[in-house]
Structures are given as structure tokens and as C-alpha cells.
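Letters A, B and C mark the chains in the order given here, with residues in each chain numbered from 1 onward.
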Amino acid sequence: MAHALADDQPGVTSPPQPGPLLEIRDLCVEYVLESGIVGAVDKVSFDLNPGEFLAIVGESGCGKSTLLFGIAQLLNPPAEITGGSVTFRGRNLVQLSDKDLAAVRWKDMSVVMQSAMNALNPVKSVGAQFRDAMRAHGVTSQEEIGQRSAEVLRMVGIDPEHLKSYPHQLSGGMRQRSMIAMAMLFTPELIIMDEPTSALDVVAQRSLMAQIKDLQQEFGFAVIFVTHDMSLVSHYSNRLMVMYAGQTSESGPTRKIFDSPHHPYTVGLTEAFPSIRGPRRTLTGIPGNPPDLARPPSGCRFAARCPKVMPRCTDDAPAQYPVEDTLVRCFLYDNAGGVP
Amino acid sequence: MRLIIRRGGFFLATLWAALTLNFFLPRLMPGSPADRIIAHLHGAVDQSTVRAIEQSLGIGNTQGIWQQYLTYLGHTATGNLGYSYSQGEPVSQVIAGALPWTLGLVGITTILAFALGTAIGAVAAWRRGSRFDSVMPPLFVFTTAIPFFWVGMVLILIFSVYLGWFPSSGNVGQLTVPSLSPGYLGDVLDHAILPSLTLLVTGIGGWVLTMRNNMVTTLTEDYVRMARAKGLSPTRVMVDYGARNAILPNLTGFAMSLGFVVSGAILVEYVFNYQGVGYYLLNAVGYDDYPLMQGLFLIITVAVLVAILLSDIATALLDPRTRTAG
Amino acid sequence: MAIPVTTGQGAGIPEPGGELTAAGPRRGTALRRFTRAIRTNRKATIGVVLMAIFIFVSLFPGLLAHQSPTAYSSHIMAKPSAAHWLGTDNIGADIYAQVIDGTRSVLILAVAVGALTTGVAMVIGVAAAYLGGIWDGVLSFVTDVLLVIPIFPLLIIVAAYFPNAGNSLLILVLSFTGWSYTARQLRSQAQSLRNRDFLLAARVRGERPFYIIMVEIIPTMTSLLLASFLTNALYAVLAGSGLQFIGLGKSNNVSWGTTLYWANQNAAWTTGDYLWFIVPGLCIALLGVAFAFINYAFDEIGNPALRPLSAAKARKAAEASTKRRLASYGARAR
């Protein structure tokens, strides 16, 4: 039923290809301001395979949301992509025209935003917003629209009665889930989520995460999940990418990074979270502030706050060095064959 | 529904305030208004006219002031607004003759200004950074600062005196007979174009600017980004997600702007000798015809209240949040 | 946090960080930043320059016009000439002198009404917001009623009862009828400030309400107060001239509105004395424009989102950044 809706337009939907679903290469996003240029995302690269759950974590201002919107081609001025490529199923999204992009949007890649209260149009009913999305992609039969809308709402545990409701009439948790339902309308291959749980209380957070994971396992879509809360994604993501000051500082399988973090920043992050079951220990924070991205330092960006800083760190910028399955941007792991 | 009842209560209260002002103002001013009127008529009036005048002002030497007040209120409620000696007919008749002209001119032009202004503002915001957007806002800031009457005079100069395209005064030719014939209607239109243009030029700027600013802020909202993410067509995003939200503050602002509209209407009617409510008001001032002045003031207040009610209804229709807020 | 990049609400438009320029951070004083903002914003520059011209003219009319604006002469309705740059009116007085001399009374009207209106609105609006309860109800009701009642007809009627009123009555009447819109705005801003932490802290400290209002709330609202002043000044210019134009509030005071009144009475556009009404009207428009531009520019300065985007500038800036980036990569070690 789900894929029956994804009407085949030439060249857009095709049978699953081998190889990565999404390839990001050297993506750069900058904010062009009157007072100067701020580099929010600096040459980020990674691959995403079908069905993978990738979590991107970092503190506020590290560029993770900007990265997300850069991938989805949803940047607002003055932010713009100034370099690199975003290749989705073999096509570079950065170079696509608006029309071609529109065909990809929602059908193959959808977005879930942080605050549903802000992300849903306050003057239209939930059902009307579902309808908009479907009609934009060629689904015109009222019956089909109604059926599918009800179906996705049931998937997330909401009574289809609420299609008639306006966003302000729903509770926070329901709003968030209806956003996820909307993202599922065409069962896309990739759903991008920008801190969808931040606006919820802890209990609702867990239940939403569990729901997302269930849906993912049932329908097999890939997920890129941005959050500042590492512990939230520790159970659910296959891969983890830690960002700092616009760059990837460490990336690899989630479990490996949690069990043995390598980059001093990641170490600092994991030591900042208490463990309920583990032994009691003193929590340490990471003193200092992230660098000013309008004039980024020429060496390693974490050098000013790093407990293991070496003289080399302030002069040269480290590349990403492989350590088993993870990539770490730190001179401590410098061996021949690093990836910039 | 409860909203309408509350608003209705407010309107009645305002109406009452206007009536009370009408009643007490003449009494607070130095001298007796009746005397002034009589002076105007050079004393050549008979007793019944004097009494009629006094009655319409609510002045009667035989009653206490509260009694006069209640009588006045009672009269107004039944439509007895007194007698206009400068026009030689009951006030209500003068109003009935002038009101349609003003409503037609001002009503249509204001709606046009609102619609056009909002549309231009929305497009300017949508096309930020384009030449359209860098030219329009300063242009309209300029137009909001120009006095109505000056624009009227300039337009008369250009279109009436130099080009002779449109008549410079009156709402209809002197010798035409009212009818629904194309000839008459054409004449009406002829006379209405310059006043209408004056109101349009000065009025549109405010709408353009506020809509543009609202729209710029709205376009940064998450739900607009979401609409783009869904692959909706740019027009639909601009209209359904952008404009429909950006217009809401404009509608509330509509009520505030009515004061401006009224003042513009009065001045324009004056410049063009357009015989609507404003024209008669100024005329009445010249003759110290207080009953007529008060009657016109009242009808203007009522018209403003009705307009506000309409814009409230429009807001309730467009914004579901107000409906539940009650 | 030094990074101006924000997340949360979609990493939209970051607050431009202070005084960052390509040359480096500049730590300016408030005044320096202010003047720089005016210089770079075209609307503000035009507005300020216009205003300065008008202020100069109002302060030193004698420098610019040597003839009396009200003197009778035998040259009635004369066309512009070397002796009378704008011609003369129906009693032979020099129109140019009228325009120059009239500046002062218009400016006084604008400033006085602007200040008075904003002052009254401030007292009522902030009191209503701060005191709350029944006070709020009563004050808001009065404000709303005055907002709805059409002011201009009311002004006409009041002015009709005082046929020979001068500037001062005009000022009073305009101020006491025009405060309602501003009061509403100030009230809603004061309300939103009311429960902010710094005010709660003041209350806990034991400060009295009057102190809190004067010392804590009002300074926070300066930008809104300034904008209100400018808006009300503009309103005074237009409404005041309008009233004078229809013949009310006229006196021996020379003003642009009264000049226009006489021009209209003598049907200046048919007699060919175009400048008689074009010039005073243009002055009103320009003064209004000055107020409006300054107001609009403050809006833009305060809210960067509204600033005009220059696509060309943005593109050039982007190219420059790419060049810089390539240069810095060359210097990096692998």
C-alpha cells in the first residue's frame, strides 16, 4: 500500500540500488552576514546505508541542525551551501532545480522538526496539512487521501478523529507523533529528525523513541537523528557522529564509541552523563567555550579546551584518523593514512 | 459565540459613550449653542423651529439635565436625530442622502487598498533581495507620510486642470438625474475616480509595509520550512502557509486604521466637494448646525463599529485559535 | 557562548555578533554604533538629514526669509519672481516667507504632541499592565473606547466650538485624543515584561511599585517609546495640518496648514498659483517622510531580519569566503 502511492516518475524512484543511500562529501555551510562570514559546517563527509540509524550529537551551536538542513536543502538565508555535495541515490541534491527537488521531497526523504507547535501551520487542520503533502505529489483521490491519512495516524497511535483537529488542540506528545505520521505518508527511504524529543518530558521522550524504532524496524527506512542528548540515542542508533564547532570529531558504531570513546571531547561528553547502574564517580564537565566560527582557529578547534593538548594542536589542523571502526579527528591517533 | 456577545457588549458601551459625548459636549462649551444657531439665522426663526432645535440638542429649559439626557437617548433610539436647519430637513434624511455616497467611495476604496496592499506586501516579502523589494518599501513609507488633501489637490492639478480627464468636484454632474442607467453610473464613476485614487495612494502604503514585515517574520517560521520540505509548490507555500498567517495581525490592525480612513475620507470629500458624510459634516461646522454635526458624528461611529465587527468576524474565520479562546 | 550559530528553532538567522567585520572585532560605544547604523542605513540617513534641515529652518527663519509672512502689500496673487520666490497670496504676503516661518509652528506641534501623547500613553499603558485587575479593566476599557470612536470628526466638532483656537489648543486636543493606540501597544509590552525575572527580583527586594515602573520597566521599553514618539509626531503633523486646512484652529499663527487653507479658499489650482499649494504641501510630506523614515530605519536596525538583503553583496561575500577558505586549506597540514 505504501509504495503504491509513490507514483513512479521517471528517474526518481527506482528499485533499491546497492551502495550507500546518502553520500555527503565535504559539505560546507556558511552564514553570509553583513558583519562577516560564519562557517557553521566545515567539510563534513559521511555515508548512510539503507535502514541505518545515524545519530548526530553535539552541543548547542556545533552546527548539527545546520548540517541537517543543509542535507535536506532547507536552509534559509543568510545560510547557504558553499561547497561539497549531497548525493542521494546517485543524484546530487545541491545542484537540483526546485522542481526536481520537489519530486524527491517527502516521497524519498522527509523531515521531522523539533517543535511541532512551530512546525505545524496553526491555521490549518492536521488533516489538511496531510492532504497538502499528498496532493503535491499527485495523489488526488479524496478516498485515497483519507485512507492513507487515517492509516499513518493509527501507526503512531492516534485516533484518526483528530484529522479534523487544529494543532493547538492537540497535546505536545500527540503533535509530535502526528508530525512523524506525516513524515511517513509516503514511507520514504530516509527520515531526517531534528531533536524531535527536546520539547517533551522524559517519559514521552522514551515512548517516542521506542515508537520511532518500531516504525523503523517495520518499514526499513534510514534515520538521521540530531540531538544534544547522547544517552537518548545510545540504545537506538547503529552509528554515532559527534560534532564539534562545525566539524566531525568522532564517528563510528554507537556501541564502540560509548564503550571506548577516543576523542578527548567525546570522552568529556560521556563522563558528563551519570550512569544509573554503574559505579558512582565524580562528574566532570568540559571547561571553556566553543570557538568563534566567524574566525575559526587555524589548528585543532578543540585545542583550547582539551586536557590532552599538545603543541602541535594549535598549529596544524588534524584530519580524521581511523581507529578500528571509528574515525577520530585527533593527533593522538595520528598514523599514516588519515582522512581530512 | 461568546466572543460575539462580548464584542457586542463593548460596541454598545462605545455607542453609549459617543452619545454621551454628543450630549455633554455642547453643554461644556462656552455660550449656548442654541443662541449661536439663532444668531446664524439672524433671529428670523419662529418658535417651533427654535423648539425643534433645542429638542434635538436635548436642551429643554423645563427639564432637569438627567431627564434631558434620557429624552435625548430615547429620541436617538427611535431615529429622531433632530432637525438640520442648514439643510432644511430632518437630520436623518440628510444622513440617508449622504451615507450611500460615502460608503460607496470609502468602503470600496478601503477594501481595495487593503487587498492590493496586502498582496503587494506579501509578494515583496516573498521576493526579498529582489529589486521589487528594495524599491517598494521606501516608496510606500513615503506615501504613508503624505497628507491626503495635498495628494487630492495635486491629482486635481494633473488630471483635471492639465489633462481634463476627470471632473474636479461633485459626486455627480449637476444636471444629471439619478437612475440606474449606464449614463448615470458612468458619470458617478467619473466623479469618483480621483477621490478614490487619492484615498488609495495614501492608504495603501500602511498595508504594504505591515504585511511585508509580518510576512518576512512568518517566512522564517518552522512551518514554512516544513511546507518547503514537503515539496509544496512555491505559490502554495507563499499563500497557504505564509500569507494566511501573516495577514492575521493586519486584520486586527484594520480596526485601528479606521480612524485614519475616516479622517482621509472627510478631507478628500472636502477637497473634491464630494457630497458624502464628511462634506456635510464640514458644512455643518461652517453653519454651526449642531444637530447635524452630532447626527453625523453618531453615524460615523456606528459605521466604524460595524466595520470593526466585520473584521473581527473575518479574523475568527481565518484563525481557528480565536474561536476556542472564546 | 561566542558562536553566533543557533540551533533549536531550525538554526535560522543567527544574531549578528556585535561588531564583527572582516577586519576584526570593533568595540564601539553605544553612540558610535548608533551613528554607524544611521550612516549605513539609507533610510535613516535621508530621514536624519531632512529633519536636520527642518530644525535648522525653524530655529533661524530670519536667515532664510527676509520678508514678513503676513504683511499686506499691493502685489496680490503675484507670480513667482525675484522679489517673491514663490509669489504672493491673496493679501499680498510673501509665500516663501510663510513657508519658512511656518516651519517652527509645525515642528513645535509635532514634538509637543509626540511627547505629550507618548507620555500620557506611557502612564496609562504601563499602569494598566502593572496594576492589573480592576484598574486594568477600567483603563483598558477607556483606551479601547477612545480607540474606536472616530477621532477626526470628534476633533472637528471640538474645534468647531472654539473657532479661534491657536496652536496650544491644537496641541492639547490632539494629545488627549491620540494616546489610545500607543497606550495599547505599551500596555501589551509592559505585560510581557511584567513577569520577567528581573522584575520579580525587584519585587522580592522589596521595591515599591512606583520605583519598579520608573526604574526597571520604562527604560526597557525605550525603543518602543521612541518609535511611539515618532509615530505620534507624524500623526500630529498630518492631523494638525488637516485641521488647519479645513479652517479650524487657524489663528494669526503662520503655519503650512493655514497657508494651504488660504490656497484652497482661493482655488489656487485654477488661478495658476500652483506653487502656493504645492510647496507647503510638499513640506508637510517631507517632514512626515523624515519622521517615517527614521522610524522605519529604527525598526530595521533593531530587527536584523527586516534589513534589505542585497543579493549581489551576498554573492560577493560568498566568493570572498571561498577564496579565503582555499587559501587556508593550502596552509593546512594533511
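One rule holds for everything that comes next: contacts are C-beta pairs under 8 Å (C-beta built on N, C-alpha and C of every residue); 3 or more make two chains touch, one makes a residue touch a chain.
Quantities reported herein were computed from a predicted structural model and do not represent experimental measurements.
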item	value
Centrality ranking, top chain (CA atoms only)	C
Most widely separated chain from subunit A, with each centre as the mean of CA atoms	B
Between subunit A and subunit B, centroid-to-centroid distance (C-alpha), Å	54
Centroid distance [mean C-alpha coordinates] between subunit C and subunit A, Å	47
Separation of subunit B from subunit C, taking each centre as the mean of its C-alpha atoms, in whole Å	24
Multi-partner residues of subunit C (at least 2 other chains)	9-10, 12-13, 309, 314
Subunit B: positions in contact with at least two other chains	128-129, 220, 222, 225
Subunit A: positions in contact with at least two other chains	69, 76-77, 113-115, 118
Of subunit C, residues touching subunit B in the complex	9-10, 12-13, 42-43, 141, 144-145, 147-154, 156-158, 160-162, 181, 234, 238-239, 241-242, 245-246, 248, 260, 264, 269-270, 274, 277-278, 281-282, 284-285, 287-289, 291-293, 296, 299, 305-306, 308-311, 314
Subunit A-facing residues of subunit B, complex	128-129, 219-223, 225-234, 236, 240-241, 244-245, 248, 318-321, 324
Touching residues on subunit A, where the partner in the complex is subunit B	69, 72, 74, 76-77, 98, 101-107, 110-111, 113-115, 118-125, 132-133, 136-137, 166, 168-169
Complex contact set, residues of subunit B against subunit C	10, 13-14, 17-18, 21, 25-26, 29-30, 128-130, 133-134, 137-138, 141-142, 144-150, 153-154, 156-157, 161, 209, 213, 216-217, 220, 222, 225, 255-256, 258-259, 262-263, 266-267, 270-271, 281-282, 285, 288, 293-294, 296-297, 300-301, 304-305, 308
